[in-house]
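The structures come next, written out as C-alpha coordinates.
Shared between the two complexes below is chain A, which pairs with chain B and chain C, respectively.
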Partner chain A sequence: MATIINADTSDGLKLTSDTSGQIDFQSAGSTKATIDTSGNLKFNSGFGSVGTAYGVRAWVNIDGVGTVGINASGNVSSITDVGTGAYRVNFTNAMPDTNFVISVTTRVHSYDRTQITARTTTSCDLGGFALGGSGADYDPVNVIVVR
Partner chain B sequence: MAITLDGTTGITTADIAATTLTVNAGFGSNATAYGVRAWVNFNGTSTVAIRDSENVSSITDNGTGDYTVNFTNSMPDINYVTNAFAAFNNHVGGNGCLGFYTSNLTTTSARGVVARSFNNTAIDATHLALSIVR
Partner chain C sequence: MRIIYETSDGGVAVIVPTPEYLLTHTMEELAAKDVPTGVNYEIVEDSVVPSDRAFRGAWTWA
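And now, the complex of A and B:
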(Lines of atoms letter the chains of each structure in order from A and count residues from 1; the text may use other names and numbers.)
(Lines give C-alpha, C1' and ligand atoms only; values in the text may rest on other atoms or scores of the structure.)
Protein backbone atom coordinates (compact mmCIF):
# COMPACT_ATOMS: atom_id res chain seq x y z
CA MET A 1 0.00 0.00 0.00
CA ALA A 2 1.56 3.25 -1.07
CA THR A 3 1.55 6.15 1.35
CA ILE A 4 0.51 9.37 -0.32
CA ILE A 5 1.36 12.75 1.18
CA ASN A 6 -0.64 15.56 -0.32
CA ALA A 7 0.89 19.02 -0.43
CA ASP A 8 -1.18 21.77 1.08
CA THR A 9 -2.91 23.71 -1.65
CA SER A 10 -1.48 27.02 -0.42
CA ASP A 11 1.74 26.22 1.44
CA GLY A 12 2.95 23.06 -0.29
CA LEU A 13 4.89 20.36 1.52
CA LYS A 14 8.05 20.86 3.58
CA LEU A 15 10.58 18.28 4.69
CA THR A 16 13.04 19.80 7.13
CA SER A 17 16.08 18.80 9.14
CA ASP A 18 18.06 20.53 11.86
CA THR A 19 21.19 22.59 11.22
CA SER A 20 23.48 19.58 11.02
CA GLY A 21 21.16 17.12 9.39
CA GLN A 22 20.68 15.96 5.88
CA ILE A 23 17.64 14.50 4.20
CA ASP A 24 17.86 10.89 3.05
CA PHE A 25 15.40 9.13 0.80
CA GLN A 26 15.42 5.48 1.72
CA SER A 27 14.00 2.32 0.25
CA ALA A 28 14.36 -1.26 1.43
CA GLY A 29 16.44 -0.07 4.35
CA SER A 30 19.10 1.81 2.41
CA THR A 31 19.55 5.37 1.23
CA LYS A 32 18.75 5.88 -2.43
CA ALA A 33 19.12 9.66 -2.59
CA THR A 34 20.37 12.40 -0.30
CA ILE A 35 20.21 16.16 0.05
CA ASP A 36 23.13 17.17 2.25
CA THR A 37 23.63 20.36 4.22
CA SER A 38 25.72 21.92 1.44
CA GLY A 39 22.86 21.61 -1.00
CA ASN A 40 24.30 18.67 -2.87
CA LEU A 41 21.79 16.34 -4.44
CA LYS A 42 23.10 12.79 -4.44
CA PHE A 43 21.68 9.78 -6.21
CA ASN A 44 22.77 6.56 -7.87
CA SER A 45 21.16 6.21 -11.33
CA GLY A 46 23.76 3.67 -12.44
CA PHE A 47 26.72 5.49 -10.86
CA GLY A 48 27.32 2.58 -8.53
CA SER A 49 26.71 4.47 -5.31
CA VAL A 50 24.88 7.53 -4.09
CA GLY A 51 27.02 10.38 -5.44
CA THR A 52 26.65 14.10 -6.05
CA ALA A 53 25.18 15.08 -9.40
CA TYR A 54 26.14 18.47 -10.79
CA GLY A 55 23.81 20.59 -12.77
CA VAL A 56 23.44 21.53 -16.39
CA ARG A 57 22.71 25.20 -15.74
CA ALA A 58 21.82 26.21 -19.26
CA TRP A 59 21.34 24.56 -22.64
CA VAL A 60 20.19 25.64 -26.04
CA ASN A 61 19.58 24.14 -29.45
CA ILE A 62 20.31 27.01 -31.87
CA ASP A 63 19.06 27.35 -35.42
CA GLY A 64 21.98 29.42 -36.65
CA VAL A 65 21.02 29.60 -40.32
CA GLY A 66 19.37 32.75 -41.65
CA THR A 67 17.56 34.59 -38.88
CA VAL A 68 18.97 33.01 -35.76
CA GLY A 69 16.39 31.16 -33.71
CA ILE A 70 16.07 28.88 -30.70
CA ASN A 71 14.75 25.37 -31.34
CA ALA A 72 14.57 24.67 -27.60
CA SER A 73 16.42 25.82 -24.49
CA GLY A 74 16.69 26.04 -20.72
CA ASN A 75 17.82 29.18 -18.86
CA VAL A 76 18.55 30.96 -22.15
CA SER A 77 16.68 34.18 -22.78
CA SER A 78 17.87 34.87 -26.31
CA ILE A 79 20.56 34.38 -28.93
CA THR A 80 22.35 37.35 -30.44
CA ASP A 81 23.67 36.95 -33.98
CA VAL A 82 27.08 38.61 -33.82
CA GLY A 83 28.28 37.57 -37.28
CA THR A 84 28.50 34.63 -39.64
CA GLY A 85 28.91 31.55 -37.52
CA ALA A 86 29.13 33.62 -34.35
CA TYR A 87 26.50 33.62 -31.63
CA ARG A 88 26.01 35.09 -28.18
CA VAL A 89 24.04 32.95 -25.75
CA ASN A 90 22.29 35.15 -23.18
CA PHE A 91 21.34 33.51 -19.89
CA THR A 92 18.01 34.15 -18.21
CA ASN A 93 19.57 33.71 -14.77
CA ALA A 94 23.25 34.58 -14.40
CA MET A 95 26.03 32.17 -13.54
CA PRO A 96 27.82 32.77 -10.21
CA ASP A 97 31.16 33.32 -11.98
CA THR A 98 32.79 32.82 -15.39
CA ASN A 99 34.35 29.45 -14.61
CA PHE A 100 31.48 27.40 -16.01
CA VAL A 101 32.05 24.67 -18.58
CA ILE A 102 30.69 25.02 -22.12
CA SER A 103 30.28 22.27 -24.68
CA VAL A 104 29.46 23.08 -28.32
CA THR A 105 28.69 20.49 -30.99
CA THR A 106 27.54 21.16 -34.56
CA ARG A 107 26.26 19.09 -37.42
CA VAL A 108 28.97 17.79 -39.71
CA HIS A 109 29.58 20.09 -42.64
CA SER A 110 33.10 20.31 -43.95
CA TYR A 111 35.92 20.03 -41.50
CA ASP A 112 34.15 22.34 -39.11
CA ARG A 113 35.31 23.51 -35.71
CA THR A 114 33.79 25.41 -32.86
CA GLN A 115 35.24 27.85 -30.40
CA ILE A 116 34.38 29.88 -27.32
CA THR A 117 35.48 33.48 -27.74
CA ALA A 118 34.20 35.26 -24.64
CA ARG A 119 32.21 34.67 -21.51
CA THR A 120 30.60 36.68 -18.76
CA THR A 121 28.25 35.66 -15.98
CA THR A 122 25.30 36.60 -18.18
CA SER A 123 26.37 35.37 -21.61
CA CYS A 124 28.90 33.44 -23.64
CA ASP A 125 30.10 33.96 -27.19
CA LEU A 126 30.77 31.01 -29.42
CA GLY A 127 31.45 30.39 -33.04
CA GLY A 128 31.54 27.80 -35.74
CA PHE A 129 34.06 28.00 -38.51
CA ALA A 130 35.10 25.92 -41.47
CA LEU A 131 38.52 24.91 -42.70
CA GLY A 132 40.53 28.07 -43.30
CA GLY A 133 38.91 29.92 -40.44
CA SER A 134 35.90 31.44 -42.15
CA GLY A 135 32.70 31.59 -40.13
CA ALA A 136 29.94 29.12 -40.92
CA ASP A 137 26.32 28.97 -39.79
CA TYR A 138 24.75 25.72 -38.61
CA ASP A 139 21.46 24.20 -37.56
CA PRO A 140 21.58 22.85 -34.97
CA VAL A 141 24.30 24.27 -32.76
CA ASN A 142 24.20 22.28 -29.49
CA VAL A 143 25.30 24.20 -26.41
CA ILE A 144 25.53 22.84 -22.85
CA VAL A 145 26.67 24.83 -19.81
CA VAL A 146 27.63 23.00 -16.62
CA ARG A 147 28.44 24.64 -13.29
CA MET B 1 2.12 23.88 -5.91
CA ALA B 2 5.73 24.14 -4.82
CA ILE B 3 7.14 21.51 -2.51
CA THR B 4 9.96 22.68 -0.26
CA LEU B 5 12.72 20.39 0.97
CA ASP B 6 14.83 22.22 3.51
CA GLY B 7 18.11 20.77 4.74
CA THR B 8 18.82 24.15 6.35
CA THR B 9 21.26 25.23 3.66
CA GLY B 10 20.42 22.45 1.26
CA ILE B 11 17.88 22.32 -1.47
CA THR B 12 15.13 24.72 -0.59
CA THR B 13 12.82 24.35 -3.52
CA ALA B 14 11.89 21.49 -5.75
CA ASP B 15 9.15 23.06 -7.79
CA ILE B 16 7.16 20.06 -8.82
CA ALA B 17 4.37 22.12 -10.29
CA ALA B 18 6.77 23.83 -12.67
CA THR B 19 8.62 20.54 -13.23
CA THR B 20 11.96 22.10 -12.35
CA LEU B 21 14.60 20.86 -9.95
CA THR B 22 16.44 23.58 -8.05
CA VAL B 23 19.74 22.62 -6.46
CA ASN B 24 22.97 24.23 -5.25
CA ALA B 25 25.67 21.54 -5.68
CA GLY B 26 28.53 24.03 -5.82
CA PHE B 27 26.72 26.62 -7.94
CA GLY B 28 26.69 29.11 -5.09
CA SER B 29 22.94 29.33 -4.70
CA ASN B 30 19.90 27.25 -5.44
CA ALA B 31 19.31 27.31 -9.18
CA THR B 32 17.55 25.16 -11.73
CA ALA B 33 19.48 22.11 -12.90
CA TYR B 34 18.56 20.44 -16.19
CA GLY B 35 18.93 16.75 -16.79
CA VAL B 36 21.35 14.63 -18.77
CA ARG B 37 18.79 12.29 -20.31
CA ALA B 38 21.13 9.81 -21.96
CA TRP B 39 24.85 9.15 -22.30
CA VAL B 40 27.08 6.52 -23.82
CA ASN B 41 30.77 5.66 -24.04
CA PHE B 42 31.43 3.24 -26.89
CA ASN B 43 34.10 1.72 -29.09
CA GLY B 44 33.33 2.50 -32.73
CA THR B 45 35.94 0.22 -34.28
CA SER B 46 35.31 -3.29 -35.58
CA THR B 47 32.13 -4.59 -33.94
CA VAL B 48 30.72 -1.55 -32.18
CA ALA B 49 30.66 -2.09 -28.43
CA ILE B 50 29.14 -0.04 -25.63
CA ARG B 51 31.50 0.35 -22.66
CA ASP B 52 28.86 1.91 -20.48
CA SER B 53 25.71 3.91 -20.91
CA GLU B 54 22.43 5.06 -19.46
CA ASN B 55 19.18 5.22 -21.39
CA VAL B 56 20.91 3.89 -24.52
CA SER B 57 19.64 0.57 -25.81
CA SER B 58 22.11 0.03 -28.64
CA ILE B 59 24.45 1.56 -31.21
CA THR B 60 23.83 0.94 -34.89
CA ASP B 61 26.92 0.85 -37.11
CA ASN B 62 25.87 2.51 -40.38
CA GLY B 63 29.32 2.40 -41.96
CA THR B 64 32.73 3.91 -41.39
CA GLY B 65 32.47 6.66 -38.79
CA ASP B 66 28.67 6.67 -38.99
CA TYR B 67 26.60 5.59 -35.99
CA THR B 68 23.08 5.75 -34.66
CA VAL B 69 22.62 5.95 -30.90
CA ASN B 70 19.27 4.38 -29.99
CA PHE B 71 17.54 5.51 -26.79
CA THR B 72 15.83 3.14 -24.39
CA ASN B 73 13.28 5.77 -23.44
CA SER B 74 12.40 8.36 -26.05
CA MET B 75 12.95 12.10 -25.82
CA PRO B 76 9.84 14.30 -25.75
CA ASP B 77 10.79 15.96 -29.05
CA ILE B 78 13.76 16.32 -31.42
CA ASN B 79 15.03 19.60 -29.98
CA TYR B 80 17.35 18.08 -27.38
CA VAL B 81 21.04 19.04 -27.44
CA THR B 82 23.91 16.66 -28.12
CA ASN B 83 27.44 16.78 -26.80
CA ALA B 84 29.84 14.54 -28.72
CA PHE B 85 33.55 13.87 -28.43
CA ALA B 86 35.85 11.34 -30.07
CA ALA B 87 39.42 10.15 -29.80
CA PHE B 88 41.39 7.94 -32.18
CA ASN B 89 44.27 5.87 -30.89
CA ASN B 90 46.31 5.49 -34.06
CA HIS B 91 46.53 9.06 -35.24
CA VAL B 92 49.97 10.65 -35.60
CA GLY B 93 50.94 11.97 -32.20
CA GLY B 94 49.12 9.26 -30.34
CA ASN B 95 45.67 9.51 -28.87
CA GLY B 96 44.59 12.39 -31.10
CA CYS B 97 41.25 14.10 -31.03
CA LEU B 98 39.10 14.36 -34.09
CA GLY B 99 35.76 15.73 -35.03
CA PHE B 100 32.59 14.10 -33.79
CA TYR B 101 29.43 15.68 -35.08
CA THR B 102 25.72 15.16 -35.26
CA SER B 103 24.34 13.88 -38.55
CA ASN B 104 21.00 14.58 -40.20
CA LEU B 105 19.40 11.78 -38.23
CA THR B 106 17.47 13.27 -35.32
CA THR B 107 14.40 11.53 -33.96
CA THR B 108 12.86 11.18 -30.52
CA SER B 109 14.23 7.66 -30.27
CA ALA B 110 17.67 7.97 -31.89
CA ARG B 111 20.49 10.40 -32.66
CA GLY B 112 22.90 10.05 -35.55
CA VAL B 113 26.57 10.94 -35.11
CA VAL B 114 29.55 10.87 -37.45
CA ALA B 115 33.30 10.85 -36.76
CA ARG B 116 35.85 12.60 -38.94
CA SER B 117 39.63 12.54 -38.99
CA PHE B 118 41.86 15.58 -39.27
CA ASN B 119 41.66 15.42 -43.07
CA ASN B 120 37.85 15.25 -42.94
CA THR B 121 37.53 11.59 -43.90
CA ALA B 122 35.11 9.30 -42.14
CA ILE B 123 36.87 7.22 -39.53
CA ASP B 124 36.04 4.65 -36.88
CA ALA B 125 37.22 5.78 -33.47
CA THR B 126 38.03 3.82 -30.34
CA HIS B 127 36.55 6.21 -27.83
CA LEU B 128 33.30 7.94 -28.67
CA ALA B 129 31.34 9.79 -26.02
CA LEU B 130 27.92 11.34 -26.33
CA SER B 131 25.48 12.91 -23.90
CA ILE B 132 21.97 14.24 -24.40
CA VAL B 133 20.45 17.14 -22.45
CA ARG B 134 16.82 18.11 -22.54
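And now, the complex of A and C:
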Protein backbone atom coordinates (compact mmCIF):
# COMPACT_ATOMS: atom_id res chain seq x y z
CA MET A 1 0.00 0.00 0.00
CA ALA A 2 0.99 3.60 -0.28
CA THR A 3 -0.21 7.14 0.01
CA ILE A 4 -1.42 7.89 -3.49
CA ILE A 5 -1.58 11.16 -5.37
CA ASN A 6 -3.67 10.48 -8.45
CA ALA A 7 -4.36 12.83 -11.36
CA ASP A 8 -7.69 11.32 -12.27
CA THR A 9 -9.05 11.99 -15.77
CA SER A 10 -12.63 12.35 -14.45
CA ASP A 11 -12.37 13.81 -10.97
CA GLY A 12 -9.05 15.65 -11.02
CA LEU A 13 -6.89 15.31 -7.94
CA LYS A 14 -7.59 12.25 -5.81
CA LEU A 15 -5.70 11.58 -2.61
CA THR A 16 -5.57 8.28 -0.78
CA SER A 17 -3.49 8.02 2.35
CA ASP A 18 -2.20 5.24 4.54
CA THR A 19 0.60 4.75 7.07
CA SER A 20 3.00 2.73 4.88
CA GLY A 21 5.41 5.61 4.34
CA GLN A 22 5.46 5.12 0.56
CA ILE A 23 4.20 7.70 -1.90
CA ASP A 24 2.85 6.76 -5.32
CA PHE A 25 2.23 9.29 -8.06
CA GLN A 26 -0.50 8.15 -10.42
CA SER A 27 -2.10 9.27 -13.66
CA ALA A 28 -5.61 7.92 -14.22
CA GLY A 29 -5.02 5.33 -11.50
CA SER A 30 -1.80 4.00 -13.00
CA THR A 31 1.38 4.46 -10.96
CA LYS A 32 3.97 6.51 -12.82
CA ALA A 33 6.42 7.25 -10.00
CA THR A 34 7.10 6.13 -6.46
CA ILE A 35 9.22 7.18 -3.51
CA ASP A 36 9.55 4.10 -1.33
CA THR A 37 10.31 3.88 2.39
CA SER A 38 14.06 3.61 1.68
CA GLY A 39 14.01 6.91 -0.18
CA ASN A 40 14.42 5.31 -3.59
CA LEU A 41 12.90 7.34 -6.42
CA LYS A 42 11.29 5.10 -9.01
CA PHE A 43 9.66 6.22 -12.20
CA ASN A 44 8.43 5.07 -15.59
CA SER A 45 9.94 7.41 -18.10
CA GLY A 46 9.97 5.11 -21.07
CA PHE A 47 11.29 2.19 -18.97
CA GLY A 48 8.05 0.29 -19.54
CA SER A 49 7.47 -0.05 -15.81
CA VAL A 50 8.23 1.87 -12.63
CA GLY A 51 11.92 1.29 -11.90
CA THR A 52 14.56 2.79 -9.63
CA ALA A 53 16.32 5.84 -11.03
CA TYR A 54 20.09 5.71 -10.49
CA GLY A 55 21.34 9.23 -10.44
CA VAL A 56 24.51 10.87 -11.61
CA ARG A 57 26.33 11.55 -8.34
CA ALA A 58 28.96 13.85 -9.80
CA TRP A 59 29.92 15.29 -13.15
CA VAL A 60 32.43 17.74 -14.53
CA ASN A 61 33.39 19.18 -17.89
CA ILE A 62 37.14 19.93 -17.75
CA ASP A 63 38.99 22.29 -20.05
CA GLY A 64 42.44 20.72 -20.01
CA VAL A 65 44.06 22.93 -22.63
CA GLY A 66 46.11 26.01 -21.81
CA THR A 67 45.04 27.39 -18.46
CA VAL A 68 43.20 24.39 -17.05
CA GLY A 69 39.64 25.24 -16.07
CA ILE A 70 36.21 23.84 -15.36
CA ASN A 71 33.46 24.52 -17.88
CA ALA A 72 30.68 23.20 -15.67
CA SER A 73 30.19 20.69 -12.87
CA GLY A 74 27.96 19.14 -10.25
CA ASN A 75 28.97 17.76 -6.83
CA VAL A 76 32.62 18.51 -7.61
CA SER A 77 34.59 20.78 -5.30
CA SER A 78 37.66 20.99 -7.51
CA ILE A 79 39.90 19.23 -9.97
CA THR A 80 43.59 18.74 -9.39
CA ASP A 81 45.83 19.12 -12.42
CA VAL A 82 48.67 16.72 -11.65
CA GLY A 83 50.35 16.56 -15.05
CA THR A 84 49.81 16.43 -18.77
CA GLY A 85 46.39 14.90 -19.28
CA ALA A 86 46.22 13.77 -15.65
CA TYR A 87 43.51 15.00 -13.28
CA ARG A 88 41.98 14.20 -9.94
CA VAL A 89 38.28 14.96 -9.57
CA ASN A 90 37.44 15.85 -5.95
CA PHE A 91 33.84 15.29 -4.87
CA THR A 92 31.95 17.83 -2.77
CA ASN A 93 29.94 15.07 -1.10
CA ALA A 94 31.66 11.71 -0.79
CA MET A 95 30.41 8.51 -2.43
CA PRO A 96 29.00 5.77 -0.19
CA ASP A 97 31.75 3.38 -1.37
CA THR A 98 34.23 2.93 -4.23
CA ASN A 99 31.97 0.78 -6.39
CA PHE A 100 30.71 3.73 -8.42
CA VAL A 101 30.98 3.78 -12.21
CA ILE A 102 33.04 6.45 -13.95
CA SER A 103 32.64 7.41 -17.58
CA VAL A 104 35.34 9.61 -19.12
CA THR A 105 35.24 10.86 -22.68
CA THR A 106 37.09 13.41 -24.77
CA ARG A 107 36.41 15.05 -28.08
CA VAL A 108 38.64 12.49 -29.81
CA HIS A 109 36.80 9.89 -31.87
CA SER A 110 37.69 6.39 -33.02
CA TYR A 111 40.09 5.63 -30.17
CA ASP A 112 39.66 5.21 -26.42
CA ARG A 113 41.99 7.87 -25.14
CA THR A 114 40.98 8.07 -21.53
CA GLN A 115 41.78 6.02 -18.48
CA ILE A 116 40.84 5.82 -14.81
CA THR A 117 43.82 5.17 -12.58
CA ALA A 118 42.52 5.34 -9.01
CA ARG A 119 39.43 6.00 -6.96
CA THR A 120 38.43 6.65 -3.38
CA THR A 121 35.12 7.70 -1.86
CA THR A 122 36.23 11.35 -2.11
CA SER A 123 37.96 11.49 -5.50
CA CYS A 124 38.90 9.71 -8.70
CA ASP A 125 42.04 9.98 -10.81
CA LEU A 126 41.81 9.92 -14.57
CA GLY A 127 43.78 10.79 -17.62
CA GLY A 128 43.77 11.48 -21.29
CA PHE A 129 46.51 10.17 -23.52
CA ALA A 130 47.66 10.31 -27.11
CA LEU A 131 47.62 7.36 -29.47
CA GLY A 132 51.22 6.53 -28.58
CA GLY A 133 50.33 6.29 -24.90
CA SER A 134 51.80 9.52 -23.55
CA GLY A 135 49.64 11.95 -21.56
CA ALA A 136 47.67 14.47 -23.59
CA ASP A 137 45.49 17.46 -22.71
CA TYR A 138 42.00 17.76 -24.14
CA ASP A 139 39.08 20.16 -24.05
CA PRO A 140 36.61 19.01 -23.01
CA VAL A 141 37.25 16.04 -20.76
CA ASN A 142 33.80 14.86 -19.69
CA VAL A 143 33.44 12.89 -16.47
CA ILE A 144 30.25 11.25 -15.17
CA VAL A 145 30.03 9.31 -11.90
CA VAL A 146 27.03 7.05 -11.36
CA ARG A 147 26.20 5.07 -8.22
CA MET B 1 42.50 31.48 -7.42
CA ARG B 2 44.42 28.23 -7.46
CA ILE B 3 46.03 25.99 -4.86
CA ILE B 4 49.43 24.55 -5.65
CA TYR B 5 51.42 21.90 -3.84
CA GLU B 6 54.35 19.61 -4.52
CA THR B 7 53.57 16.04 -5.49
CA SER B 8 55.42 13.06 -4.08
CA ASP B 9 57.56 12.79 -7.24
CA GLY B 10 58.67 16.42 -7.08
CA GLY B 11 56.16 17.76 -9.57
CA VAL B 12 53.48 20.37 -9.05
CA ALA B 13 49.77 19.80 -8.58
CA VAL B 14 47.34 22.62 -9.27
CA ILE B 15 43.89 22.56 -7.70
CA VAL B 16 41.19 24.35 -9.70
CA PRO B 17 38.06 25.08 -7.62
CA THR B 18 34.56 24.87 -9.03
CA PRO B 19 32.52 28.08 -8.87
CA GLU B 20 29.69 26.21 -7.13
CA TYR B 21 31.95 25.12 -4.28
CA LEU B 22 33.24 28.63 -3.73
CA LEU B 23 29.69 29.89 -3.34
CA THR B 24 29.61 28.35 0.12
CA HIS B 25 33.25 27.66 1.01
CA THR B 26 36.58 29.45 1.16
CA MET B 27 39.81 28.53 -0.57
CA GLU B 28 41.22 27.59 2.82
CA GLU B 29 38.35 25.18 3.39
CA LEU B 30 38.90 23.73 -0.06
CA ALA B 31 42.59 23.24 0.68
CA ALA B 32 41.77 21.49 3.94
CA LYS B 33 39.56 19.07 2.02
CA ASP B 34 41.39 18.48 -1.27
CA VAL B 35 45.11 18.91 -0.52
CA PRO B 36 46.63 15.61 0.65
CA THR B 37 47.04 15.46 4.42
CA GLY B 38 50.30 16.89 5.70
CA VAL B 39 51.33 18.46 2.41
CA ASN B 40 52.31 22.13 2.30
CA TYR B 41 50.37 24.25 -0.14
CA GLU B 42 50.01 27.82 -1.36
CA ILE B 43 46.98 29.74 -2.59
CA VAL B 44 47.92 31.77 -5.66
CA GLU B 45 46.36 33.94 -8.32
CA ASP B 46 45.33 32.24 -11.55
CA SER B 47 47.99 34.17 -13.43
CA VAL B 48 50.77 32.48 -11.43
CA VAL B 49 50.07 29.16 -13.17
CA PRO B 50 51.59 28.99 -16.68
CA SER B 51 49.17 28.55 -19.57
CA ASP B 52 51.86 26.96 -21.74
CA ARG B 53 51.68 23.25 -20.91
CA ALA B 54 54.30 22.09 -23.41
CA PHE B 55 56.61 21.09 -20.56
CA ARG B 56 53.98 20.45 -17.88
CA GLY B 57 55.99 17.58 -16.43
CA ALA B 58 58.94 19.88 -15.74
CA TRP B 59 57.05 22.30 -13.51
CA THR B 60 58.49 22.78 -10.03
CA TRP B 61 57.33 24.76 -7.03
CA ALA B 62 60.02 26.82 -5.36
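Note that in this section the second predicted complex is superposed on the first by the 122 of 147 C-alpha atoms of A that agree within 3 Å, B and C clash if a C-alpha of one lies under 4 Å from a C-alpha of the other, contacts with A are read in each partner's own complex, and residues count from 1 in each chain.
Here is the rule we go by: a contact is a pair of C-beta atoms (placed from the backbone, for glycine too) under 8 Å apart; a residue touches a chain by one contact, two chains touch by 3 or more.
Just so it is clear, the model here is predicted, and its values are computed rather than measured.
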item: Contacts of A:16 with chain B and chain C, given as first, second, both or neither; value: first
item: Which of chain B and chain C A:124 touches, first, second, both or neither; value: neither
item: Partner chain in contact with A:60 - chain B first, chain C second, else both or neither; value: both
item: Partner chain(s) touched by A:45 [first = chain B, second = chain C, both, neither]; value: first
item: Which of chain B and chain C A:89 touches, first, second, both or neither; value: neither
item: Of chain B and chain C, the chain that contacts the larger number of chain A residues; value: B
item: Which superposed partner A:137 touches (first chain B, second chain C, both, neither); value: second
item: Footprint overlap on chain A, where chain B in one structure and chain C in the other make contact; value: 60, 74
item: Interfacial residue positions of chain A with respect to chain B in the complex; value: 7-10, 12-19, 21-23, 35-41, 45-46, 52-61, 71-72, 74-75, 93, 96-97, 103, 105-113, 131, 140, 142-144, 147
item: Complex contact set, residues of chain A against chain C; value: 60, 65-70, 73-74, 76-84, 88, 90, 92, 123, 137
item: Touching residues on chain C, where the partner in the complex is chain A; value: 3, 7, 11, 13-21, 25, 30, 33-34, 46, 49, 51-53, 56-57
item: Residue ranges of chain B in contact with chain A within the complex; value: 1-11, 16, 21, 23-36, 54, 77, 79-84, 99-104, 114, 116, 120, 131, 133-134
